[in-house]
Every structure is written in C-alpha cells, then in structure tokens.
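Structures follow.
In what follows, chain A forms one complex with chain B and a second complex with chain C.
Moving on to the complex of A and B:
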C-alpha cells in the first residue's frame, strides 16, 4: 500500500449505529486514505456484525476514476462479507460530472443523504440479502 | 472619406459647398412638404407596403418620417431619426410589418425627393448634378440607418423572447412527497439541456425527491448529443438516490436513443405521464383509489 506523503492518514471516523456502520468522510481523501478506509471498513463489518454500511460523501467535491473503482470494490467486498453498502450525500455537481465521465457506480446503491440511507438499509437488509 | 461606412449617427463632414447645397435642398423640401408627402403616401399605397396599417396611420407616420428625414439632411446628425426609427419599429413590429416594407418605404421617399430635384433643376444639368452629389450620400445613409434600426429592434425582441422562453421552460414540480415531475415542452438545445439538468438535480436535493418523472411528450425530436445528455442526467439523478422515469417518448426520440445505443437497463420508460406517475406511486408505496369506490382491496 502507498505510504502517506506526510504524517498520519486522514482518519475517517466510523460510527456504529445499531446494526449499521456509518463512515463520514470529512474532507478530500488521497488515494492512500481511501485504501486505508476500504481496509478498515471491510474488517469492521464482521467485527461489529454489521448488516449495513453507510458511506457519507457529502463533504467531497470531486470523485475521480480511482475513487469510483475503489468504492465499487469496497461495495463488492462488503457484500461478500454479508452486509450491504450504500453511498449517501453525493453533491449534484459531482454527480453530473461523474455521469459525464461514465463513473456511474453501477450496482451500488446511492441515496440523497444519511437519513435516506438509513431508511434504505432498513428496507433492504431485513429480508434475505439479495443484491 | 474614412467614415462613410461606419454606423455612427453623424454624416460624413460635408464641405462648405455641400452645406450650401443641402441648405437649399432642405428649404426646397420644406416648401414642397405637403405635395411631396402626399406623393410619397400615394406611392406607398400603390406599392402595397405597410398593409397592416390604415391610410391615416400611414399618413401620420409618413409626416413624422418626412420631417425627421429633412431634419437629418439639414443638421447632418441622424440621432433624431435613429431614435424615431427605433420607436417606430417598436410600434409596428408587433403588427407584423416586415423588413422589406420598412426598407421599401424609405427608398420610396428617397426616390420621391430625388424626382422633385430632377423636376426643379431640369434646366441646368450642372446644378442638378451637384445637388445630387450632396443629396445622395445623405439619403443613402438615412435609408441604412432606418433599416438597421428596424432590424436591431427586431433582433432585440427576438432575444427577449428567447430569454423569456428559457426562463419559463423548465419547471420542476412536486406532485407528492418525494415525487417530482419535470414536463418538458418544445425544442431542447444543448443550453437548455444543461439548464434542465441543473434544475433537476437541485430540485432533487431541495425537495428530497426519491422519484422523478420527466415527461417529454411535448418534445418532437432530440439530437444525439441532447439524448446523451438526458441519459447522463438520469444517471446523475441515480447517484443522488433518485429514480428517474421518462415518459412520453416520441417514435423519433426512441429511434435516436436506440441509435446512440442507450443501455435501457439504466432507464425506466413509461408510455405516458399518467403511467409514469402511477409507476412512481408504486415505487414510493402510494396507492390511490376513489373515496367510497369499490376498489378498496
């Protein structure tokens, strides 16, 4: 894995809320930060026996192809670990830019904000987890 | 003469001799005002110009134009005439007066006045020639000014209307909690498509919409780039957590979408707006039935 350029990684707090984990990105992430977040989340899912993971990207004003691919990988890994991931809070401008570059996060659920994300997981994780 | 072609309101600075000639010309036109003006109006009617206006109106306008025309010749500035032409255009454009009519009447006036000069100076060809040398550039300049004024006014009206249409054209309406509709009517050009996307994405945010119905019944056809833009909008909306249902696709638009190879799995389409709203209600978990109706199950 890449080494950070200076000092520590940008910590992304991961909160446990019932059966869900909520990771809120606070500021722009480097590629290294993102990979670290991915690894941490994949481990935490089974540690906390979580049924769902919410990744809040409200604070991000850019998502490039690397981030998109990492997020897709993360979603698939989390599904393999028996939980469901939903990405929330993508900004309208970011969303359109992503669509323009063809980075559409296919197969990953997205909702408007945290509240919607929780409602989505409530609706989708109780029955058999089918993608 | 460097400034013969520019469009400023000042005629090229005339020489002293020309000034004297123009003064003589102006007094001639003033003395024969009634006769020349009537002759002009007669020619306008004969040529069937300004048919949208009554004879009295033509006469009244002709009087004003005639006077400002003579004034323009006298003073060498076209400002008064320019503002009059703009004002006139503003009044007559809504009544369907065409560019050729406006240019036509000004040219007629030029001819009427030129003929009166022929009649007056026919005994002395040298003076007539000098008189025309002074008159013609000024008269042509006036004709150009009026025509340009008319066209500019017309363009201004068109620009204003375009802006008005753009502002009116893309309402984002909430019909139920979490359900927006976006009816699109008319032609979608790239500019409008961009604006539409912006409004829709912002609307999803502010109304916390989960489903959006885009109705394009009123759009006859779209080109490939706009079709592509529509697809991008649908995908961007999905990233915001909203499902987009497109309704009322015309056969032409369907063909365009197929031609650019849209992945239909990403796009929900329903035949008409009613069907779209019903589908949206189903997605949101609403069930609508008449009060006291039999459909209570």
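Moving on to the complex of A and C:
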C-alpha cells in the first residue's frame, strides 16, 4: 500500500546531534505517519548533512508487515543518501510478535537503546561530510 | 450460501461484550489494534501475547483498508471449558480472496510482492477461519487462547 488514506499526522520529533539525526517515535504510528516520517528523514539527511540516523521505536506498539517493509525501505534509502540508520528500542513484546509472525529487519542495524545506537554509529559511519 | 450470509450479516448472535471498530482509514487500524490489546490484557493475557493479538489485528485491518476500502473489526472474549481467550473477526465487503488456501501459503500474493499477511496471522493466532466470496467480501475469524 503506497498511499494509504491518512488521518491526522503524528509528529515525530527529529533532533540533530553532531553528525547524527535522532528521531524518537512518541506513540503508535499510522501507516501515513510512518510514510511521512520516512520521507522526512530521507530529506533531513541531506539538509543536515547527517552521517547517521537513529530511529527510536521504544514507544511503538506494533511492528507488522507494512511497518517492517517501510523501515527496510527507509534504511535502504538512507544508505543510498550516504548515511547509516540504526533502529533502537524495539520492545521485547514487539520482538516476540515479529519473530512469531516471521518478520525480519534484514539489512537494518538494531541496538538495545539510544546509548548503544550512538556508539554503533560512531563505529560504522563515514567521516563527517565536508561542510 | 452460508459464507455469504455470515459475511453480510455479522450482527447475528453478537454479544453485548463485543467491541466493534469500523475500518476505513489507517487511523482505524491503530484504533482496532489498541482495542484488541486492551481487551486481551483485561482478559489476563501477558503483554507479549497481547502484542501478538494486536499485531494480527493490525495486519487484518490493513487488508480491509488496502483491498476493501471499508469493513469492521469485532473483538470479544471467548471461553471453552476452563480456557479463556479472545476472538477477533474482520469483515469487509471487498473483492474477496479467490483462493483462500493459497492466500494462507507463505509467499503467495495476488498483488505483486506484498502478501495479505495471512500466513503470519495464522502463526500469531491459535485458530483462523476464512470465508470469502469473490465480489462479495471476506470474513476472517481468529482466536487466541490464554496460555
């Protein structure tokens, strides 16, 4: 589903920290919210000349086939823009459901929390971009 | 036809404890899965099991939005002997699924790379029953028992 009918958009704050962008999901996201976040992050990478993106999903209630596919696309698009994305904070219940369902986040790096996500990016991203 | 009557007349024998969420936009998908999680938790399901139920509802409700435009999700408690569980039914009046058995097979989809997610839903739930009449709609009923 590429263009779901959208309700009100749930704003996901995106903070800039050095060469990284940190997007923190605050609550459950609709399909439209997730697509909007994807598009915003891909644009933000070049706007802020970011080397890494951290997507914090601690507050996300469910990862189903649509959201998993959208996150895989997002990670791929971020990489094509010359940056790396790491997903942090997937809750144990969500991981349990994804495993039962048979959903995978192939090609996406994940870490336990924000701190580990930052450490991961420090070790895996390219040198800072030329300003 | 039995299937037709069940798809088009969902109100028969609906209990007072049934929660119904109309589905016609992506926000309704979120509302339905949140109702499912709440009901599962109130029935004593663990947070993990409640998330399995919520994920199954999310997947089934999305099929409604994507393929049928509108439909509804109904949720209610079920008992069988000493077992307690949650039942969900997802009904739409969309195009229907031509081959239900194939739709339950992994890797099968009628719309390119995107499947209906039914094999995954079957793994999340304990029981699943699908009735579909091409051109009339689909009724998916699934049950999860508390472990």
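Just so we're on the same page, the second predicted complex is superposed on the first by the 117 of 131 C-alpha atoms of A that agree within 3 Å, B and C clash if a C-alpha of one lies under 4 Å from a C-alpha of the other, contacts with A are read in each partner's own complex, and residues count from 1 in each chain.
Rule of thumb we're sticking to: a contact is a pair of C-beta atoms (placed from the backbone, for glycine too) under 8 Å apart; a residue touches a chain by one contact, two chains touch by 3 or more.
Note that the structure is predicted; figures quoted are calculated from it, not measured.
Visitor: After lining up the shared chain so the two structures overlap, which partner does A:65 touch, if you call chain B first and chain C second: first, second, both or neither?
Guide: The second partner, chain C, only.
Visitor: Output check: A:100 vs chain B and chain C. Expected answer is one of first, second, both, neither. What do you get?
Guide: The answer is both, since A:100 touches chain B and chain C.
Visitor: State whether A:92 touches chain B only (first), chain C only (second), both chains, or neither.
Guide: In the superposition, A:92 contacts both chain B and chain C.
Visitor: Decide which partner touches more residues of chain A, taking chain B and chain C as the two options.
Guide: C
Visitor: Common interface residues of chain A with chain B and chain C?
Guide: Overlap of chain B and chain C footprints on chain A: residues 92-94, 96, 98, 100.
Visitor: Can you tell me which positions in chain C touch chain A when the two form their complex?
Guide: 24-27, 29-30, 33-34, 37, 47-48, 50-52, 54-55, 58-59, 62, 65-66, 106, 114-115, 117, 119-121, 123-124
Visitor: Tell me, which parts of chain A touch chain B in their complex?
Guide: Residues of chain A touching chain B: 88, 90, 92-96, 98-100, 104-105, 110-113, 116-117, 120.
Visitor: Which positions of chain A touch chain C when the two form their complex?
Guide: Interface residues on the chain A side: 1, 4-8, 28-32, 61-66, 69, 91-94, 96-98, 100-103.
Visitor: Show me the residue ranges of chain B that touch chain A in the complex, using the header's touch definition.
Guide: Listed in rising order, the residues are 197-198, 201-202, 204-205, 208-210, 232-233, 235-242, 266.
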